[in-house]
Amino acid sequence: MTFSKIKDALTGLKSLAIGLGVTGQAFCAKNVTVIYPQEELGNLSTYRGPVELVGKEDAPDVPKCVACGVCGKACPSNCLTILSLIPAKEGEINSGPTEMGPAPQKGAKTPGQFILDFSLCSLCGQCVKACAHNALRYSNNPYMVSVNRGDFRLDLLARLRRRARD
Amino acid sequence: MNAFHLLLAHPAVRLVLWLVLMFAFIGLNVLVLVWVERKVAGYVQMRPGPLHVGPQGLLQPVADAIKLMGKQLVTPAAGDKVLFWAAPLLAFAPVTVCFLPMPFDPRFNPLPMNLGLVLILAFSGLGVVSLCLAGWGSNSKWGLLGAARAVAQSVAYEVPLLLSVMAVAICAGSLDLYAIAGHQGTWPWQWYGMRNPLAFFIFLVCAVAETNRAPFDLPEAESELTAGFHTEYSGMGFGIFFMAEYANMVIVSGVAAVLFLGGFQGPFLQGVWWFILKIYCILFFIIWLRWTFPRVRFDQLLNISWKWLTPLALLDLALAVVVAGLRA
Amino acid sequence: MQAFDSTTRRGDLSSARFEPGSTEDKMILSMGPQHPSTHGVLRIMLELDGEYIVRAEPILGYVHRMHEWMSEQSTYMQFIPNMGRVDYLHAMAWNWAYAGALERLAGIEVPERAEYIRVAVTELNRISSHLVWWGAYLLDLGAFTPIMYSFDDREQILDILQAVTGSRLTYSYFTIGGVYDDVPADFCKRSIAFVNRLRSRLSMYRDLVTGNAILRGRCEGIGGLSVDVARRYGATGPVLRASGVASDARKSESYGVYDRFEFRIPTYTEGDAMARYRVRLDELETSCDIIEQAVSNLPEGPVVAKVSRNFKPPKGEACLAVEGARGKIIVHVRSDGGLKPYRVKLRAPGFSNMSLFCELARGTMLSDAVSILGSLDLVIPEIDR
Amino acid sequence: MIPDCVAAMGATQAVAMDYAATGVVASVSLTPETILDAVAVLDKEGYHLEDVAASDLKEGFEITYHFSLFAGKNRLVLRLIVPHNMPRVPTISGIYPGADWHERECFDFFGIDFTGHPNLHHLLLSEDFEGHPLVKAENTRKGLVDVMPQSWLVAVGMAEPEAPRAEKPEKQAAVPGAKE
């Protein structure tokens, strides 16, 4: 009885020593931390960030999008707003400020405005899958920092043009 | 010149000077120790630890201290204000006194004290009063549980601690730390830690428990009692407890270095650096323990003391008495 | 309902209801929601006698999001992202339960390749879930370091799954009739490499923790659960298997292609926290075995069946039970033939396992309560839904 | 396939279901009066409780209890309907303590009164929440004929057996009984 207890205590002490050995080895081993501003992780290319519009092959600043509005309907959180020009009615002369209405608009084949409210987006990819024209895709931009909520209303057309320019 | 020497010769003046010096010494060590703790924790966990404030994050503790000082001090509305604020002061005050009899160097003994060991043990026992007051004064249930744990734990571990110290004191035949350190030889096998390893082991375990360090950090067990006795403290109130914990670590490591590792003794170049080196070796070990083990349960903690350490320490003391008696 | 007068009583309605008639020598303690071991989302009212627990009652709802209501407001496809957020640690299993229930309802055949991919990613996700549990449990017991080691391993899984799904935690990878996208070319190679790495790390886990005398003191004989109590409370998963019942939906209901895999269901008979701990560690190896078989037999072919965007299952109801990391996940779907579900009921394993806590904690010490809570492996968002 | 023990449960209807299509092997219809006896039978047989759920239908609140054995494909669903104006059913938490929280959840979402429940108050919703979120508006409620599988409807006599040719699901939703 007493001896078995002493034996238990000794095996317990041994297990503690083994534990110290494990942490001791880790102490001497190399760090695994990536120290962020100086170095970056190598897995950013597989990250799927906020969606972006895909440009046409021949004209990278023109979106493939045909403003059908399917992506906006597929979105679970209503974060896509697609507006397109309301075409002028027959006989009217289209002058002055053009009006925009929610896509799809009959006769309008390009988006006039394509807004992603990233503060609502859950990156589920339903819009990307819904698009029949492969006009949307994920970006792999993980850096999305702002102190201003409005900055997360991304104008995807402007971003497409900026990408095409750079 | 002469007047200055005369002034220095006065024990009261020397006491005050030495106290101030020790206070500075402790403050410096606490800062270094906080950095060491975080660095060791980092390396044990395969990460670099503090890195950006100062070279290798050396100034991180200073930044922490400044942050703590800038924080608002909150007193619980239903708490006892006097006890609540007396507690942190009481936690830190005895620490300085405990350093007075430490033998730093054989050639330098500013305050000869023949009962230095008793002084340290007496004043370090005061620490638990502050924990008790902190828990009670904050009128918080977590604090109260922490305080109750602190008292029971302190009482339980004081006994084997004293017994293991006694064994060494009997071997050395003195309670003066200079004498005890001087009594040991220059080589490691002449140190009491090697001659009486059981007492050393018991002392180390008790030291960890007395300073409330993991795996015996039950009074402040964060995953059980949120923060135990210092749950309600903010800013420097917490900061002082934090510093007192590290200062207590330095003290028990110092005592262990003197009693069991020969203090300033070393194979060559005897002096204060040996003492500091030994203190930091023991501190490293205590920190290493913390970042390795889970926390014990409270009844297990008391069982370890009363059922294992106390009988073992008694046995060890008896053996030490017999050996000392045979020698004499 | 009990009237509550804030001028005469302190606390809130939940604590007021918990207040007993006589508190002689007893202390009422509200543990959480801002308590380190309830992780900010759970609150437990405790009646303490010294450090001993006389009575315990969890108070839920701190992360309640009403997923079941949301399901009725969205189309079948739109509800899939919610599934990644019910149990953030084992999102794949919830994905599967929902997609699988709809496939049952509509009678959709899932392509072979998709089935194997589903198995592989779900098991990878199970490992990552167990690794988080392992670290967090030891953190609750006061050991700070293991979570860093387990997160080091978990990062590898997250990298693999990020390459597959694009996200790191709340996956919405499954879709009705298959998976969202094909796996990248190096998926099999990386999975095998990870499995080998984890196997070599497990011995370190055991040395550091499992054999540790302090841990055994904190887990052995704590929170003993008998088979009968487990059955009446509806406990499932590792909690049930630690009581000696080899019940696993992967075997007993063999959804997907699990019947083609060879694996062992780890069981222990003690029923205490240590047994639950051991079951989960053994399951890491089981999952490794399954992943190896899945990626080495991965067939070629399409990864998703042809399903219309405006998916409308026939009217009726169906459910699918999936073995999640915490136990049996069941999603019941009821359809009226329209675009949106008529009713979706999510059966979270943690919900039943958590209700055991009052039973298990009674008469134990405060520290044991923390240990028991951890050993049940609770993900509160899953319980609160 | 209906397990033998169902015979002792005093069911008004017991219908075998296709496991591959629904995930349950049998559906047992009960009344609030017979539920306790039926659950006691299952308890004796060693079933474990999976969940208690409710659903808002035209006929009233349908409460479903799912039970399984530890091994094999043998999920049973017990269902009973309580009227909207007096949703009352005895609690089964005396037999299966695990039902306690499930019933509280049903109380939260639907306002169903489980008589004899030791602790029937909000579980997931906050204490001061008014109303019951999953109760549907009168005009959006569907009847049993709209939400139950055709095979079940046929078995309980609520629909005529169809011709063997498969009908389009959209058309199924508009079976005549929907107007009741």
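Going in written order, the chains are labelled A, B, C and D, and every chain counts its residues from 1.
By definition in this document, a residue touches a chain if its C-beta (ideal position, glycine included) is under 8 Å from a C-beta of that chain, and two chains touch if they have at least 3 such contacts.
As the structure is a prediction and not an experimental result, all values here were calculated from the model.
**Student:** With chain centres defined as mean CA positions, report which chain is farthest from chain B.
**Tutor:** Most remote chain from chain B, centroid-wise, comes out as D.
**Student:** Go through A-C and A-B and name the pair with more C-beta contacts between its chains.
**Tutor:** By the number of C-beta pairs in contact, the winner is A-C.
**Student:** How far is the middle of chain A from the middle of chain D, if each middle is the mean of its Cα atoms, in Å?
**Tutor:** Spacing between the chain centres: roughly 41 Å.
**Student:** Just the number, please: Cα centre separation of chain A and chain C in whole Å.
**Tutor:** 26
**Student:** Would you kindly tell me how far, in whole Å, the mean C-alpha position of chain B lies from that of chain A?
**Tutor:** The computed centroid separation for chain A versus chain B comes out at 52 Å.
**Student:** Which integer distance in Å separates the CA centroid of chain B from that of chain D?
**Tutor:** Distance between chain centres, rounded to whole Å: 65 Å.
**Student:** Note the residues in chain A that touch 2 or more other chains, in rising order.
**Tutor:** Within chain A, the residues that touch at least two other chains are 16, 19, 22-23, 26, 32.
**Student:** List, in ascending order, every residue of chain C touching at least 2 other chains.
**Tutor:** In chain C, 145, 149, 152, 208-209, 212, 214 touch at least two other chains.
**Student:** What chain-chain pairs meet the touch criterion?
**Tutor:** Contact pairs between chains: A-B, A-C, B-C, C-D.
**Student:** In their complex, what parts of chain C are in touch with chain D?
**Tutor:** 1, 12-14, 17, 60-61, 64, 66, 68-69, 72, 101, 104-107, 230-236, 240, 245-247, 252-253, 312-321, 328, 330, 332, 334-338, 342-343, 345, 347, 351-352, 354-356, 359, 384-385
**Student:** Hey, which residues of chain B end up touching chain C in the complex?
**Tutor:** 41, 44-47, 141, 145, 214-215, 217, 221-226, 290-300
**Student:** For a test of understanding, state which residues of chain C touch chain B in their complex under the given definition.
**Tutor:** 27, 29, 34-37, 51, 138-145, 148-149, 152, 208-209, 212, 214-215, 217-218, 365-368, 370
**Student:** So in the complex, which bits of chain A are touching chain C?
**Tutor:** Of all residues in chain A, those touching chain C are 11-13, 15-16, 18-19, 21-23, 26, 32, 43, 46-48, 70, 74-76, 122-126, 129-130, 138.
**Student:** Quick check on the complex: what are the chain C residues that touch chain A?
**Tutor:** 74, 77-82, 84-85, 145, 149, 152, 159, 162-163, 165-167, 170, 172, 175, 180, 184, 204, 207-209, 211-214, 216, 309
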